[in-house]
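Letters are used for the chains, namely A, B, C and D, taken in the order the chains are written, and counting of residues starts over at 1 for each.
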Amino acid sequence: MTLWYEDPIKLIANWLFGLMLGWGMPVDTANFVLTLLGAAFLGVVPLLFCIFLIWYERKLLGRIQDRFGPNRVGPWGIFQPFADMLKIFIKEFITPQGADVVPYNLAPILSVASVLLIWAVVPFSMTMMGVNLNVGLSFIIGCGGLGLLAIILAGYGSNNKYALLGGMRAVAQLISYEVPMVMSLLVPVMLSGSLGVNDIVQKQTVPYIILAPVAALIFFITSVAESGRAPFDLVEAESEIVAGFNTEYSGLKFGFFFVAEFLHAFTISLLFSTLFLGGWRGPFTDQVPLLGFVYLVVKTFIVYFLVILFRGSLPRFRIDQMMDLNWKLLTPLSLVTLLITALLANPLSGMPLLQAVALFLVNLAALVVLMSWAERKMPRKRKIVAKTRPLATPNQQDQLSA
Amino acid sequence: MSGLQIAFLLIGAITLFAAVITVSSRKIMHAALWLILALGAVAAVFATLEAGFFAAIQIAIYVGAIAILIIFAVMLTRRAMEDSGPQLNSTWPAALVISAGVLTGLVILLSSWGGFETRSMALPPTGENIAALGTALVDMNGYVVPFEVASLLLIAALVGAIFVASEPKGK
Amino acid sequence: MIPLSWYLIFAACLFCVGLYGVMARKNAIAILMGVELMLNAVNVNLLAFWRYLWFTKVDGQVFVAIVLVAAAAEAVVGLALIISAYRRRNTVAAEEMDMLKG
Amino acid sequence: MLNDWLYVGVFFVIAMLLPGVAIAIAGLLSPKKPDPAKSSTYECGIETVGPSWVQFKAQYYIFTLIFLVFDVETVLLFPWAVAYNQLPFFAILEGIVFVLILLGGLVYAWRKRALEWI
C-alpha cells in the first residue's frame, strides 16, 4: 500500500490503472495510456509553471534594479503574465518574404522541446521521475544539441541577415561553452560511477559541490551561458545584431523562444541542485519521501535566485572576451579539475572524510593557482583607439543659467 | 506485428526517406537539414537496439556537432556553389545502377547467411553495461591501444584542420 | 521482437543511399554527407550484431565508439580541406579539384 | 530498458506537440492582414541590400572544429568515467594520458592563435 506522503503520483497512477482494468482494458493498453498520461502531465506542468517563473523573474529583476516590477494586474502583479500570454496569443503571425517555411516554423517548437526533454530524466523525489534512464547525462547533452539545431533553423529559415548572423553567433557561443560543461559533468560521473541522474543523486552522501567545487562552478557558469542570458546574452545583443535569431518572429512563435529561455534558466537550476547539491536528499527522506520534493524545490529556488542575481548584476560580455573566458580559462580549468579528481578520488575512496577534505582543498588550490596565473598571463589589454573625451561636461552657459 | 516492429518500420522509413532527399536535394542547405533528420532517426534505431548510450551520443555528436560543422562549411563556401547549376555528375545513372547492384548483392548475400533470422535475447534489467565498456577501453588486454590512438588521431585531425583552414597570413 | 534481418536490410539500404550520394553528387560537401550516411549504416550493423549475437561482450560497442571517432576526424579534416580548396580555387565541386594533376 | 526509451519517445512527441498545437491555435485566433511592407525583411527600417546569405568568417568554422574534437573525445571519456571506481590505478593513468593529449591539442590551438576571435 502506497501512502500519500510516499509518492502521490504513483498513488494516482495505481488508482487509474485499477480503474482502466475495471473497464476491461488489456494490461498493455492500460500501461501505454498511463505512460501517455504521465508524459503529458510532465510536459504540461513545466509550461504552466513557466507563467509563474516569468512573473517571479520580472519581479525579482525589478527589485534588483530598484523598481517595482509588474504591480498592476492583481495582487503584486501576479496576473501580469496571464495578461501578456493572452495578448501574445492573439497577435498576428508575420512570415517574412522568402522564409523557408518548414525550418522557420519548426524552430520555436524545437527550442521549447529541447528544454522540456530534460525534465524527463530529472528525479523529483526518490521515486517521482519521468524515467530513470541509465544514460541520463548523455541524454541531457543530446538535448543541448537539439537546442542548437533550433537556433540554426531559426537563423537560416527567416531569410534575414541579422537573424542568420545572430544565429551563427549563438551557435558559436553555445558550442564553445558545451566543452567545459561536458568536462565538468564528467566529475560527478566519475565520483558516482553512473550516468543515470537518479543514481548520481543516490550516491551523493556528501553533496558533490564539496567534493568538486570547481566543477560545480564551471557547470554553473557554462550552463548560464548555455541558456543564453545575461551576462552571456550576446545572442540578442540589441545594439549589435537587431535581436538575434528571433528577429523575424512574431506572436506566439516569438513568445515560445522566450518561454524556452525562462524555462531553460529554471531547468539549469534544477540540474545544478540535482547534480551538485544532492537533489532530493535531505533529512527524513527515508520516512517521508515526499519531503525530497520539497528539498529539491527549495534548493532549486536558491540556485534560481542566484541565476537571476547573476543576470541582474553583471554587464554583457564582448564576444571576444566571452570566447577568451571559455577557451582560455574555463576549458583548461575543467581539464585540470578532471585530472586532479582522477588522481585523488580513487586512492582515497576508502576514507570518505579524508577524500572529501582533500578533494575540496586541492580543488580550491587549483582554482586559485590557475586564476592567479591567468591574471598574470592575460592582463586586461585595452586597445586605445581614440583619446578619451569627457562626454557630458556641463558647459559654462548652462552653469550660469542654473 | 508488435508495437516495437511498427515503431521500427516507421523510424526506418523516416531515415531512408530523409537519406534519399539528402543525396538528391538540389539545395545543399536542405540536404544538410535532411541529413540531420536522418542522423537523428538513426539515433532512434539505436534506441530500439537498447544501445541507449550510443543513441544519446549519436544525437550529441552527429546532430550537435558534425551537422553543425557541415552547415558552417556550407555557409563558408556559399558563393561557389549556387543552387542553380546541375548538382549531379554526368555519370549519375551509372552511380544509381552501381548502388542498386550493391544493394541487391548485399541482400542476396545476407539472405543466404544462416544467422539471418536470429532473435535477440533479453538484456539484463540494468541495461547495457557502460562500465564494462569503459573497463574494456583501458584494459591492457583489451582496447587500450585504439583508445589512445583515437585520441592521437583526433588531435592530429585538429592540428591538420587548424593548419589548413585558418586564414592565410598574407591576407 | 524485431528479427535481425530487418536491421541488416535497413543498414544495407542506408549504405547504398550513401554510396549513391558519394558517387553522384558534384558538391564535395554533399559527398561528405554521403560518407556520413555510410558510416552510420556501418554503426547500425555493428550495434545490431552486438545486440543479437554478442551482447555479453563489449567489443561491438568499442568498434562503434572508434567508428564515431573516425567519422569525426574525417569530417573535420575533409571539411577543412574543402574550405581551403575553396579559398584557393573558389570552387567546391569535387571534379574541379585537380590541382595534383599537373 | 526498452520501456524507458518508449517513454522518451512518447515524451519527445508530446514535447513537440504541445508548442505546436499552441501555435496552431494561436494561428487560428490571430488576425491575418498580410501586407507587403509588413512581411518584408526587417532591417531597422532600411531596405535590404543583397542576398541574406552573407559570407562568414572562417573563425566560426575553427571554433566548431575544436569543439567537435573535444565533444568526440567525451564518447571515450564517459565510459571511462563510469568505470572509474572499479579501475586499477594503471587504467586510471591511461585515462589521464588521454586527457593530457587533449590538453596538448588545446595548447597547440592556443599557440596557433586559433582561439582568438578576431
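Everything that follows uses one rule, which is that contacts are C-beta pairs under 8 Å (C-beta built on N, C-alpha and C of every residue); 3 or more make two chains touch, one makes a residue touch a chain.
Because the structure is predicted, anything quoted here is derived from the model rather than measured.
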item: Between the pairs A-B and C-D, the one where more C-beta pairs touch; value: A-B
item: Innermost chain, where centres are averages of C-alpha coordinates; value: D
item: Rounded Å distance, chain A centre to chain B centre (Cα mean); value: 29
item: Chain C and chain D, separation of their C-alpha mean positions in angstrom; value: 21
item: Gap in Å, rounded to a whole number, between the CA centres of chain D and chain A; value: 15
item: Distance from the mean Cα position of chain C to that of chain A, given in whole angstrom; value: 34
item: Residues of chain C touching at least two other chains; value: 65, 68-69, 72-73, 75-76, 79-80, 83
item: Set of chain A residues in contact with two or more other chains; value: 133-134, 138-139, 141, 168, 171, 175, 178, 193, 195
item: Sequence positions of chain D contacting 2 or more other chains; value: 1, 4, 8, 53, 56, 58, 60-61, 64-69, 71-72, 75-76, 78-79, 81-84, 86-87, 92, 95, 102, 109
item: Pairs of chains in contact (touch as defined earlier), listed by label; value: A-B, A-D, B-C, B-D, C-D
item: Residues on chain D engaged by chain A in the complex (per definition of touch); value: 1, 4, 6-8, 10-12, 14-16, 18-20, 22-23, 25-27, 29-33, 36, 38-44, 48, 52-54, 56, 60, 63-64, 66-67, 70-71, 74, 77-78, 81-87, 89, 92, 95-96, 99-100, 102-103, 106, 109-110, 115-118
item: Footprint of chain B on chain D - complex, ascending; value: 1-2, 4-5, 8-9, 53, 55-58, 60-62, 64-69, 71-73, 75-76, 78-84, 86-87, 90-92, 94-95, 97-98, 101-102, 104-105, 108-109, 112, 114
item: In the complex, chain A residues that touch chain D; value: 35-36, 38-40, 42-44, 47, 88-98, 105, 108-110, 112-113, 116-117, 120, 130-134, 137-139, 141, 159-162, 164-165, 168, 171-172, 175-176, 178-179, 182-183, 186, 189-190, 193-195, 242, 247-248, 251-253, 256, 259, 319-320, 323-324, 327-328, 331-332, 335, 338-339, 342-343, 345-347, 349
item: Touching residues (chain side chain D, partner chain C) in the complex; value: 58, 61, 65, 68-69, 71-72, 75-76, 79
item: Chain B partner contacts - residues on chain A that touch it in the complex; value: 103, 133-135, 138-139, 141-142, 144-146, 148-149, 152-153, 156, 168, 171, 175, 178, 193, 195
